[in-house]
Each structure stands twice: as C-alpha cells, then as structure tokens.
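Consider the two complexes below, in which chain A is the common component and chain B and chain C are the respective partners.
After this line comes the complex of A and B, so read on.
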C-alpha cells in the first residue's frame, strides 16, 4: 500500500464538554486534579492480591473508602462500579440529557473486564477442588460487559463499541469516538477506558520483569520498571456547534488523533519508534499544527527502560531536543492499563484548562538520553495553547491525541 | 404487540458514504469447520450447505450437558501454519493469522502504513488466560510464563496478524458477543470511508477451548439450554434451544473503491451502507418485545427496503438462542413493515452450518459479497446480540452504482 496519508475532508470541530474519573486518588474529577496537581504519588503496597514472591509488591489502587462510597451495587464487578461512577460523572458534568444522551455513541476501552472477580472464583475452585461460589462473576468477565452495563444504566443507546487495544484502549476510544462525530454519525460520544487491577495483569508484568520494586520513576536514569494501577476515566466529546447551541461548557478542543501499528513485535516497541512517530505526526497533521505549536506532552511514560527510551527517541524525532515540556502521569497513579489513555487525556485537558502542567513524581536523576524538561516533582504553571497525549500498548498499538484550550478560537 | 421505545442509535457510512470514500470488498480468507481458503473456498463451503456440527473431538464431553460443536480440522490448520509458527502462536492466534494471510493473498494487497486490521472476537484467547493462571496456582511465581502472558490480552490476535501481513495502519480489536464479526466489517468500512486506511482486513475469530465450552454449557448458554430438548442448532425454529459453539476465523478485505479499481483488483461487491447501535437492554439480556424506532440501523433498513431496488436477501444473526432469534425477527418485521421479500424475513442463517463464533458474522458478510458478485443485491447483513448491540451492513453488486 502507498504511504501517503490523506486528511479527512472536514475540518476538526470536536470539543470536550464533560469529564469523570475514578482514580487511585479517589472518586471524582476534583479529587483527581488535586492529586495530580499536587504531584502526589498514589502507588502503595498492594492490598487486592497476593504479592509474595513477586518483583514488586506495589500497586496504585482505588482507595477502599472511595470504592465503598461508589453508588453502584456491590454485586457489580469492581471495574463496572468504577466505570459507572466515572461515566455518570462525565455525563452529569456535560449536562448531556434527553435525546443528546440517548443518541450518543459509547466507546469503552477495556482489557481486564470483570477478571478480578472471575479470578477469585477460579482461584477458589482450583485450590479447593470443589465447585466454588461466585460463578455468577463469570457473566461479567469479558470486557464488553462494561459497555452493556453503561449503555443500559445510563441510557446511552448510540453506536456501541468495546475496544481492546491494550494500554492504548482508552485513547483509542477517544480517537474513534471523535471519528463518529466528525463523520456526522452522532453529535456526542461518551468515550473512555476502565480497568480494575487483576492478578493476571500484575503477574504477567512480573513475569516479563517489567514491574518496578519501588514506585515507578519515568525518565529517571535509575528507572526499574512500571507500577500497576487501576482507574476509570470518561470524556464527553461533542460536535462543537451542538455543544455551543445547548450552552454547555467547553473544557478543550480535540484537534487531532493518530492511530498506527508497529507490526513489529507483540511486546516490544519498534526500536526506532517508527510507529510512535507516525502516530504523533498523523495527529499533528490532522490538527493542522506544527510541532512548535505544542507546549506540553503527557507521555505514555511507563518507567520501563525500553518504553521511555523509545518514546524519547520518537519525541526527539518530532520535536527536536529540548523542544517541549514532557511529564508522565503514571508516576502519580501507576499504569492504569486500558484506562491509561483516557485518564491521561483528562489530565491533559485539565492541564490546559488550569494552565498548570502535571509533574513527574519520583524523578531524581533525569536520564541523559532523554533531553526534555520532564517537570520533576512539582506542577509547572504554563499557559499552553495545545498539548499532546501519547498512549502505546502491547502489539505495537500507538495512539496520539492533540488537545487545544477550550477558550481558543 | 411490540412496545415502542425511544431507543436510538447512530452510525453510518452510507449512502451516507456519499461524503467519504466508496468501499469495495476485494477478497476474503477463512479457516472454518468446513475448510480453508480464499474466495473460492468460502463459496464452496457455503454452497456445500449442510452442517459441520458434530460431537466435540478436542476434549471429552461425556459429562457435559452440551456435546456438539463445529470444530476446525487440526490437519487443515497445520497446512497453513508451519510447525515453527505453530509453536510460537496460540491456537486462536494461528486461526487469525492464517485467515488474514489468506485474505490478503486473495485480494492481492500488500502491507504498509495504509493497511489496517479490525478483529472482532467474543472470547479472545481465554485458553492462554487459563493456562497462565494455572501456572501460578501450580508453581507460584515461578510458574508464570512470560511467553503466554501477552496472549491473555485480547488484542494479541490482531497484533500478531498485523505483524504477519504487515498492517501498520489502525489495528483494532472489538469485543462483542454474537455480532463481533459483522461489527468489525462495519467499523472497517467506516475507517476506509473516512480515509483512515486505504484497505482494512476485517472479520472475526474465536476458538473452542475446553474451559469456556464447559462453562457456557453449565450456564445454559449452549444447546440444549436448561437441558431441555434435543441438542441441536435450530435458528428460528420453534424448537430452538440455544446455539452450538463453532470456531474459526473469517476475514474480508475492504478497500477504497477507486484504489481497488486503479490497481485492477477483482471487486466482489461494494459496501454501500453500514450502521451499528444499541437497543436498550440489560447486560446479557434480550428484550424481544423492544424495537428501536429511531436508530440508524432501523433507518438504514427502512431506507433500503423501501428503495426501488429493495432488499434481495438478508443474512441474520439468529443462532438458535431463542431470545436472539425472536428479537431479530421482531426487529426486522418492524423495520421492514411489510416491505420484505422471501429471503429477508426470516433471515438466512449460517449458524447451523458453522456454529456460533465471531467469524460467523464475517461469513455472513462474505456470503452477501458473493451474492453481490453474482449480481444479487442489495443484500443486508443484520445482527442483534444479547445486551442490545445491533449491526447492519448492506452490499451491492460492484457495478450497481455508476463509477
């Protein structure tokens, strides 16, 4: 196939009108921003699973008191409860009601589904050799269960998709939801990602020797891996005209998205960052922006030696040395898997709105191979007009989003 | 009497594709219980009719309530995936890789940054998830395999297929019961129409694995549901009592029509309309008395059924699950409102021939494309799943619209 990409015919005209988050800081957007802007690290000793004998015993869990306070029934899976709370908050925040809500698209990025509860059943049955209680959990074990639950409980009946694109799932839901608006299929979309902690995820990254024994320290010379987290984050995307017509608040504009695949290796990124570079350039092209128009990058920034090195290579290729401020939200809330792309998109949108760039926690000695100001320790006041959010995942999945300030014309 | 509801859905690339690029189907590949190959093999297996459903061979089922399945012949898969790749790829990934390779060979498209892939799946690689977890329960952390873990993420099939065919454009995995394959085809058409890719390999894949099969049987999700009646796949039959599990992978190549023409590709059909949406229902539930009056899917069906050409045929998602079968007939009857011809309601079902799996939706789309290649059309590929996800794809003979 030829390598010439053709831009969409219509100019981008998509805005963000609602946000909702359940994160390791607790439930709610305000709680999330307070934690992010304070540079607090929510990575702590794991309580939800056995960690004896593992390389790491840490995780960024949604606090027990916050989970207990979520309104959804405790018979639902942990992930469904988080998703319901975050999606409800986003819809309420956008004041999306009536036909606008009923016709909205629903795109959910998910990987683990209700696996946490399914694992508990499997553990019990396998270890005891007896038929175990809790088999009902298997009905909600697959990722599509979230979208079905959200659609029914929240009355969102437009096009529905469950996207499983590894750690880029949440960002992909935003990119593909925006496409439905851009194509005129819908005027609004509830998009985002959710993942609760699962034993398989924790054990898998341990087996790959990618877990850090200490809270992850992206971009640090001495980084030793990632920290696993959990979250749900949803955004309401809207056609800008319809949003203005109904008088809703505009947080930010979604200016462009790039979605590419390395087609190189199932767990390792292309060593030259080829797919990442294409995703970033596609997003900039769609946004009709030059690299110099971007003031901040919310990096994928997992804290693994390979990811951070390759991402820095990709950013350097697009932005040149020292060209842009970069930080990693994963140093604050861990790697929230399918939710990461959407929770970091929310952080990016809020950074634009508040003129305050989230910091990278635990960053002491910046890797000399990473020639960027990575905002160590403390949030940085900066009036940035446009920002970029990167999400990369297993299978060489790359998604880049470009957001612009909502008050810009 | 059916209850009207305010369920709505949007979506479309359509006649509505008018603003975007036109989309052609230029090839297909399949590995299913009837055989494997490209367009000719799909046509042959569809023409053969009958059923591939038989007693399960892969594992013992004598203590199971359900004992039937449509399984892929081990020897057929072995001819497509050599021993070296067979060692490295899980079985469901082998199915996906083999079918995608057959599809791109059939369409004669090459890899690159403008080739995308959309994979629909219902269960993903659950076999690997179970194997990975069992390793831990047997041996603790030392029993965890770093080679198995990546397969537990449901996008492994798409990612490995992308590597195999060199697809560097969008790589999307959609998790959905019953209609995953048709949803993947619809999403792929939207990606091509929007210019996100020049060509997209789209379809579905699932395998029969013991842990999932046994659990579905215990939960009454397979025939004979609740243990009543004879075990069999009987879509839309008064005696239907649940689906029979199938497995396999089927993928179509959807391509920008002008690009396809420019390279002299064989154009089997044109995708002229797609829509997908949700009919409000409880998770995993059916609302067989609920219709979706205002949805884009309903609008698409009304538009085509009332057009001069009408709808020549409909391939439906009915799979023997009484809730799905009844809901599908009710939805179609409402949307067609008397504008149906023979072959549209009840819709043609392929579930009895190939068993229920995510590749089945793509097989429905493939059957519609083959009809179109013979001058039959427009053909509707319709889907409804428990939980309310509804899909529609309309294909026509390639010369039905002026170039």
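After this line comes the complex of A and C, so read on.
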C-alpha cells in the first residue's frame, strides 16, 4: 500500500488534463462536442425497453452502432462497457501512463450499476420459477463493479471509490477526487460517472409522473418533465504542478466545489433552494470568486416544473436577475442520472476551452419565473473566464463545481 | 497526513450482540443475524424502509453514547457521510418484484442518509460511499479532510448493512461474502482532534478479508465501526482500522502528536 505524506502548507491547485465521453451522440469526446455545440437533441423513441403504457416513450440512448463498436465481453455490463470506453479515452487524452497512472485514485459516480442486465436476470428467474443461468449478473448488479472493472482493466491502483449520490454522483466524484489531490494522497485522479438505462429507473420516474411525453424542454413555460438518458464521462484531475512537469495539456482548472444537503424531503428539493444556494456559495468561496466572476452556469436543468423553478430561485439569489448565462445539457442528451454531473462538467470544460456556450434545446417560451438568458436553440460564442456546473440529486444532494479556463493564471 | 479527528461518540446496533433477534437461518438462505424492524414512531416514517429506521436508531444510540443532544448536531456545520455495501438490495428487490408497495425513492441508497438528514436537521457537507470496509474508511477520511479544512465542525459517519431480505441471494454468492452475515447499523461522531491521520490504500488482499478484530462474522461496510467499538472498549493504541473488499485494501492509522 502507498502512504503519501505531503505537506498541506500550500494545497495543490487542481487542473483537468484529460476527458472522455460516451453519450447519446455516440462514443468519443469529439462526437460529444459536435452534438452539444450543434444543439442537437438526442432524445428519441426508446428501444432498450418496452414503454407501452408509460407517460413517456422517449429516452436518450447511446446509439446501437456506437455500443456495437465498444469492446465487448460476456462479463461486462452495458454500463461497464460505456465506463471503460470513456475512462480509457480520458486517460489516453491526458497521456497518463506509468507510475502516474498506477498511483492515481479512481472515483466513480454510479447508481444503476449492472441493473439493466440484473433486472432481466431476476425477472427471468421469478417469472419462470426456475433458477436462471447467468448468476454473474448478481455480482455486477452493484454499482461498485464499475470501479472494479476500471481499476483492473486500466491499471489504476490508487484509492478506489464509488459515490452514490443519485443525480449528483458524477459531480461528487469530481469534488472528492479533488479533495484527495489537495490532501496529498494522490497527484492524479480518474473521476467521473456512468449510468445505463434501466427499467427500474424508467418505471420509477414514470410512477412519479416526472417523465415528459415529449423531449424535455428545460426552462420553458410549457415544460412537462424530464427525459431519461444514459452516458459515461470521465475526467483526469491532476495536481497542476505535476501536470506541467509532465508537459500535459491543461483543459481547465477546477477552482472550487460545494456539497450540501437539504434535509427537507426524500425526493423534492427545498422549495426555497436553500441547499442549492449554500452549495453554490460554498463553491464560489472555495474558488475565492464573486458571483460576477462567473460567466456561465451549466444548470442541473432537468425540465421538471419543480426543479427548474427551484434552481432559478437559487441562481437569482446568488447572481441576481439576468446576472449570468444559463443552459441545460439535459435538453440535448436527457438526464443521464449518475453520469449527469460528469457529462455536464465535460460540457462546461469544453465550453470554456472553445469559448462557445452550449444551448438549451426545445426552449420556445421561456418561463417568466426564470429571468435568465437560457441560450435557446443555438450555441453562443462567449469567452468566459469561469463557469459553474450544478448537480442537484434526489433527496436534496447538492454539488456545485467551479471551473476556470485552462489558459488563465 | 491530515489532522486526526477525535471519536466523540459511537452508536452501534449489532445483531446477535446488542439487541435484535439474533436469528440464524440456513437451507437455501445464507446464515443471517437480523436486527429486525424497528417500530415506526412517527407518521413521517410510514414509507421508511428497515434500513432507514435502523439508521435513525443508530444516530440516536450515538447521541446517547456521547451524552449529547439532537440540537448539537443540527445545521450546516455538521457533515453527513454514509457508507454501505448492501443496504439497498432489499428495497431494489422489493421494487422489482412489485409486491412490496415500495416507493421508488426508497430504492436509492441515498434515501438512508436523506432520512437521517431530515430527522436530525443535518445540512452540511454530504457524501455517500458504496463498497465494503474500505468505503467506510474512506468516509472517515473524507470526514477528517472536511474537519481539517474547516468545512464542518463535526461529522457523522453513518453505516448500515442489512441482509435478511436477500438471504437466498447471498447464499448463492458465498464466494463473495463471509458468514454469518450480521446486520449492523452504526453512527460515528467525529470532531477535530489532535495527532495525525494516515490513510493508505492499494490493491491486493482477498475479497473477503474482514477488518482487523472483526473476523467472527461478516459485517461488510460496518466492520471498521465494529472494530472501532472494540478498540474503545478494550483500549490499545494507536488506533488502526483496516479493511479489504474485492481486491482493494485500505488502512487508517491515528498517530499521536510527536
């Protein structure tokens, strides 16, 4: 076991040096950015499960041809394959090799695990009344199986964590990975999130009447709910000094993070956005920034009446009316659950790098209660120096990340 | 290394040890020592799963152990960290089978700390780790980092493991878990302390090796708290907690100030 003892007299600064994504646009970072920057909507009729009788028959699935191109194995679940492809891309992008890779921490945000295969196995057994084959589904059903697969396949042997904070899981993995670097436990961390579509998730949100019959339209006056999606996204975080020493590219700086809980309700957010406000303020405080330093917010923006309204309240409280540009990536790729925080962090980092802010798709009539420019339809060129990424999970689990441009000092 | 936290209080409900019906079963089911289902005292908990009720009880046991009050842990200066390996398997099974009338929200591991946060008004930094003993050690380390950084003044580390509802499935996964599967719900109250805390983590060790001092039963993620409880009762220094899980091992060592 490694025992790293680093003085905390000057906590390391954290940078993003690698990115990898498998999304409803397909596999790969370039494909993802092409889709995001074009404002394309990847929410389509669901094919992975029977949706007859449900409130919505739509989902943002990773395309079948993209899935088919990912390395397959009988032992790996759909989510494992997505995670492995995205994490491999991030490591290769960062050119993290040798001891730097071996000592890196691995933090995976996950919720569904191998449930897509597990629920099929379980139903097969209970309906037939006979012992079903394929018991390995039991082993991979739990979300920590992703971290096990990634560590073994990619040779990442540092601390290994699985964060299960609902829709904030991917963002939490980024925040906690940064903590490990700041504390001197590691100099690099592979962080991100993954979730494949599952019937249990689709059924659950359907039962809660949170699914939109049409592609979700965050911030729209006529929004009717969320669209479920699936994805995997990973980032390589590094101690800035070590990253420069390696001569690696710096995409962005991770300047701050805030995590809070509402203690209000097991599904609904605090109506005043109290926990969200504290998460945003904490993140800004850690970044030593004022609200006016932030040029763009990649919102949680699910498209449910309640979430968008509450998030707008929180943003108004911190930034004031019209105080910042806001958009929702979920209008493009659906709500990718545990992956959402990391996919949207990647979108935020790329927006800073390219000076192009992702749009909100399907936004026709902006809700008058949401007094922000929500970048409808088309990406907006804007050279912002710093941006927020919000992730607010079921039960009031709030994570806000602050990223700054990689070329800034 | 960071500043070590002090263990201010520990509440531990352990089946077959302190309460619970201590039943053991076999015949197609793994041997399980169950904590049973606590009574529902409040209408707000009418939908709560067994693991949620046990978590609330564990926090109450911790308050009693520390001779402190609910008011002392309420608010944004208290962090809440939760660790489990298996405590949501029962609710997911119930939802998939469709016969339990379980609310979708209760299939999420996050509902356990969420119920605790609501019950005790805890609104500070928050994290949920999934895995075996290393995940619990990581939760303690994260709590220590938040305390060290001033992100909170105290931290609750909550761990719950239940097995009874899925005993037949665990019997089919004997390679992965030890026996008897012993249900535990525990809550640790940490505050800023003296000395240094060292966290070590790496690959190796068998999947089933339990935390030191806790080999007589399988506690999964609760093993470090069981070991800590024994250390508090029996003494011995310095405190070191170890844990292994599916190819990963971790260790936390409290070092006195030199």
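Note that the second predicted complex is superposed on the first by the 394 of 409 C-alpha atoms of A that agree within 3 Å, B and C clash if a C-alpha of one lies under 4 Å from a C-alpha of the other, contacts with A are read in each partner's own complex, and residues count from 1 in each chain.
Definition applied: a residue touches a chain if its C-beta (ideal position, glycine included) is under 8 Å from a C-beta of that chain, and two chains touch if they have at least 3 such contacts.
What you see is a predicted model; the values in this text were computed from it and never measured.
Chemist: Clash or fit: chain B and chain C on chain A?
Modeler: Aligned on chain A, chain B and chain C clash with each other.
Chemist: Name the contact category of A:149: first (chain B only), second (chain C only), both, or neither.
Modeler: first
Chemist: Is A:261 touching anything from chain B or chain C once the two structures are fitted on A? First, second, both or neither.
Modeler: both
Chemist: Looking at A:140 after the superposition, I want to know if it touches chain B, chain C, both of them or none. Which is it: first, second, both, neither?
Modeler: After superposition on chain A, A:140 lies in contact with chain B alone.
Chemist: Please work out whether A:54 is in contact with chain B alone, chain C alone, both, or neither, and reply first, second, both or neither.
Modeler: First partner only.
Chemist: State whether A:121 touches chain B only (first), chain C only (second), both chains, or neither.
Modeler: neither
Chemist: Residue by residue on chain A, keep only those touching chain B in one complex and chain C in the other, then list them.
Modeler: Dual-contact residues (chain A): 1-3, 5, 8, 110-111, 115, 119, 122-123, 126, 135, 138-139, 142-144, 148, 151-152, 157-166, 172, 176, 179, 182-185, 200, 203-205, 207-208, 259-267, 275, 278, 393-397.
Chemist: In their complex, what parts of chain C are in touch with chain A?
Modeler: 1-2, 76, 80, 85-86, 89, 92-93, 95-97, 104-111, 113-115, 117-118, 120-131, 134-135, 138, 142, 145, 148, 151, 169, 172-173, 176, 198-204, 246-251
Chemist: What residues on chain A touch chain B, complex-wise?
Modeler: Touching chain B from chain A are residues 1-9, 53-54, 99, 102-103, 105-106, 110-111, 115, 119, 122-123, 126-127, 135, 138-140, 142-145, 148-149, 151-152, 155-166, 172, 176, 179-180, 182-186, 199-200, 203-209, 259-267, 275, 278, 393-397.
Chemist: Within their complex, state which residues of chain A touch chain C.
Modeler: Residues of chain A touching chain C: 1-3, 5, 8, 110-111, 115, 119, 122-123, 126, 135, 138-139, 142-144, 147-148, 151-152, 157-166, 172, 176, 179, 182-185, 200, 203-205, 207-208, 259-267, 274-275, 278, 282, 393-398.
Chemist: Using the touch rule from the top, collect the residues of chain B that touch chain A in their complex.
Modeler: Those in contact with chain A are residues 6-13, 16, 19-20, 109-117, 122-124, 129-130, 132-134, 136-137, 140-141, 144-146, 149-150, 152-156, 158-160, 162-163, 166-177, 183, 187, 190-191, 193-196, 198-199, 215, 218-219, 275-284, 292, 294-296, 387-389.
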